[in-house]
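You will see subunit A twice below: alongside subunit B first, and alongside subunit C after that.
This part shows the complex of A and B:
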């Protein structure tokens, strides 16, 4: 018969759990705190990793085009090839004809340039692999950035030192906002837009503030409004 | 001894029937869980809930697939049934917290027999409520954007929006309710562990009871913890629905923008909550023959609370209408005139019948003590409270400032499937709870027994 009184199990019964389960239970509860913290940290580290953002990873291209050689070595201006950067949202990829301006004269028989010659003859564009691929819900316009004094280097890095092109920034939204919240830290005079390795002539804080005023850069409230970039 | 008690308390005023002992209380409650036999009505009700639940799954799947447009939400009524159901469900939860926390602090020991399933009701109601804002989001898989967490987008929720306060209010409410419920279960889980015959059952209840041995030290920690949680939960009874009402009052829509929404909403929440407590308690106690534990006294007390909160709600309706007239704002006046005479007038007058006229029958003692009549009145109140939220949301949005932007709301079949699906979810969860956990707090009911009264020994 069962004892009537509350909680008193006078009937001898075997232990269900081993004594060590006490320690195990405490460890599990205590450990869960660290486990959850670790999982949170790991998730955050993952979404910011270069594996996800594809930052600093040279991209395979149909022709191993070297910005280091053309910009760093030969000293081309960015706009020689990226012709529409000042007037269009898209900086523009050079037509094969632009390549052939030089390559009809030099490196005429180089096997690596065969796709360029083929493209020139057939009229089929070279299919480059996109390096900076923003999500479709982001409205990005190159011309406004160039017009307001954001240098090529500010986003694309030292392109003159890239044998194969890679993405210099992580392109996360916080990276965009970093500048949209404090444009004075990054803007430079329009004359120095394409300069690589630009060093401000004096105090950037002071120059930046002056340029923000001079170029009529909107205040952070407008620049960080959702619809500025997501339209 | 129980016999002595009979003399000074009339039959219906009892919180526990005479003749119970510590052992028989434990037996009656724990056998419901530990028996191998599952009664037929359990299967029947569970099956009905399960069928409705499939409707929820189907409509949620369709919603993920095609978007929120499968519901009838169209401009200008973009909140439709989804938010109506959210407010309705979250309101229902409030009675559980009131019973478990406020009545505990007020030393109302009659609550001991109904607090367990009322708290379970709170949990499942909050789950049902939580589904609606999530599904209504458009992109539910990005729900975690509602929380301020470090993210590479460098954005955080807009803390000036009451919808964000809602997230915190509801998630706090759920967490505290869950903790309170679980802590209250631990001594009973220990009892179930000790009484279980099957090894796996012993293991499961053993793990859940977290090593409860019923020592003095355990009880002392338990009492402290329980009181502290009651202290934390008490303000939540008032704050959660206050924040929910801010979703409306902060907006400038006529019919929403008023300062007395918080008390009005809290009263409505407790009103519908007690209706749900009664709608659950009455069938449960008769199916499981628990009339000795959930007595007519419990039903009558709940009915009185329902009547009291119902009268507050009725007063709020009157004041709401009076303030619309007194404000002198043509838009407010128009909004209320539209409610009474416009396209939703049928719903409005039905709501008034359910919420204001019908509960006055509870002044009559017979209505409070006859379970069938009480069950019917609680269902009427539940319908009325749903209509109230529908009225506030839909009629205000349908006809606001600009006549050219007016439009009516038409619920689709998926609105019905989702709403009744959550009722199915609630039934399924509740019946699983009834089968797997003690629906009445064993150890707290034992304290109601005359034998539990401790006489202090006076030392000479």
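This part shows the complex of A and C:
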């Protein structure tokens, strides 16, 4: 698309594009590389964003239940309410009866607790909003994690400091694998499973290695096998 | 501008038009693909506590019909299940030998389920009581030191006074383990230095000399 040579007798063809279009065309071609790379990065950033993973976002609940008050303030053990965490895949949401163990006498006229009393009287379940929702193609079992020394805090964070409950981890597969590859970095003694603000009594690397042996935690090859979590 | 140029121009424009349509189309397709994940993400199956629109109470789980016996849970061991002996009275026996492991299990369960009211040492001044719940009697009063083991088991199982039943939170074996730990707590409050083996006394920062039993 160069202009006809000067001095030519031929009448130069009319220019369709300005000469600078060449630069523009090149820029577009090379720019595409950056554009695609940027789109890839933006996509990755999007699926890992808190907007998608719902990490760190307190969820609206029918009752403004505060773990900070019950665990942090009153010192309840997680298992008082989440009774099936040690022997079931599901940690268990307390039956209304368990709320009423105390709230039959405490705060018994509080308007915030009206849904609890209504549920107790009618037998209708309280419809809590699920905070941790793993995809259905993931097999997850609470009891095995608790039995092998993965503390509540390791995944759920400082629940004793959450006025409303939010998801502490992003729950992406990469996050799961992070521990399945190196369990010794995270495991703690079973006695400290529900401890909040746990500090290892010594060197975690050494304690972790010992616990991995003691609790017969499988090696990383098995723990990262597809069918361990996708069955 | 002759016909050929005009056609070129048109072709050029058409090419640009097509590629931009392609690019514009690609983005919704990619977004649409990400929508496919929701089928696998939320499969049409019931997981624990997932609601159901099929049943009128909105639950996917069905409540058990009264009298349902799960396989292997016939619960025909009267002492284990009720704390009562063959004569129908509360038994002082344990349904199994009380070992160190059992007591430790009891301690573990006690600290989870009983401390909110009864406190760690059993004096009944737990956090919930301090918040206004009715004060339960201390374990260290004479009456409760005299009651048979089966009685304590029954209170955990069926509740007593303001105390609700704990049968949904504790299996019978764990309730018995708690009974054994409560007995240990009672002993601990009535103990004297004479109950401590001589070689363990230094751990308490005491000398090995026996002292008067204090009441």
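The rule is short, and it goes like this: the second predicted complex is superposed on the first by the 219 of 231 C-alpha atoms of A that agree within 3 Å, B and C clash if a C-alpha of one lies under 4 Å from a C-alpha of the other, contacts with A are read in each partner's own complex, and residues count from 1 in each chain.
Criterion: a contact is a pair of C-beta atoms (placed from the backbone, for glycine too) under 8 Å apart; a residue touches a chain by one contact, two chains touch by 3 or more.
Fair warning: this is a prediction, and the values are worked out from it, not measured in the lab.
J.: For A:44, using the defined touch cut-off, is the partner it touches subunit B, subunit C, both, or neither? Pick first, second, both or neither.
T.: Only subunit B; A:44 stays clear of subunit C.
J.: Pick one for A:195: touches subunit B only (first), subunit C only (second), both, or neither.
T.: neither
J.: In this superposed model, does subunit C or subunit B come into contact with more residues of subunit A?
T.: Between subunit B and subunit C, the winner on subunit A residue contacts is C.
J.: Mind working out whether A:125 is in touch with subunit B, subunit C, both or neither, as first, second, both or neither?
T.: So A:125 only meets subunit C here.
J.: One more residue to check, A:90. First (subunit B), second (subunit C), both or neither?
T.: second
J.: Just subunit B (first), just subunit C (second), both, or neither: which does A:174 touch?
T.: first
J.: State whether A:74 touches subunit B only (first), subunit C only (second), both chains, or neither.
T.: A:74 contacts subunit C only, not subunit B.
J.: Is A:16 in contact with subunit B, with subunit C, with both, or with neither (first, second, both, neither)?
T.: Touch status of A:16: both partners.
J.: Classify the contacts of A:218 with the two partner chains as first (subunit B alone), second (subunit C alone), both, or neither.
T.: neither
J.: Considering each complex separately, which residues of subunit A are in contact with subunit B in the first and with subunit C in the second?
T.: Of subunit A, residues 13, 16 contact subunit B in one complex and subunit C in the other.
J.: Which residues of subunit C touch subunit A in their complex?
T.: 1, 5, 8-9, 12, 30, 37, 40-43, 45, 47-49, 51, 57-59, 111-113, 115-116, 127-128, 131-134, 162, 164, 168-169
J.: Touching residues of subunit B toward subunit A in the complex: what are they?
T.: Per the touch definition, subunit B meets subunit A at residues 21-23, 26-27, 150-155, 187, 190-191, 193-195, 199, 202-203, 206, 210-211, 214, 443, 446.
J.: In their complex, what parts of subunit A are in touch with subunit B?
T.: 2-9, 13, 16-17, 22, 25, 44, 47-48, 170, 172-174, 177-178
J.: Can you list the subunit A residues touching subunit C in their complex?
T.: Residues 13-14, 16, 43, 74-77, 79-80, 83, 89-90, 93, 95, 97-98, 100-102, 104-106, 123-125, 127, 135-137 of subunit A touch subunit C in their complex.
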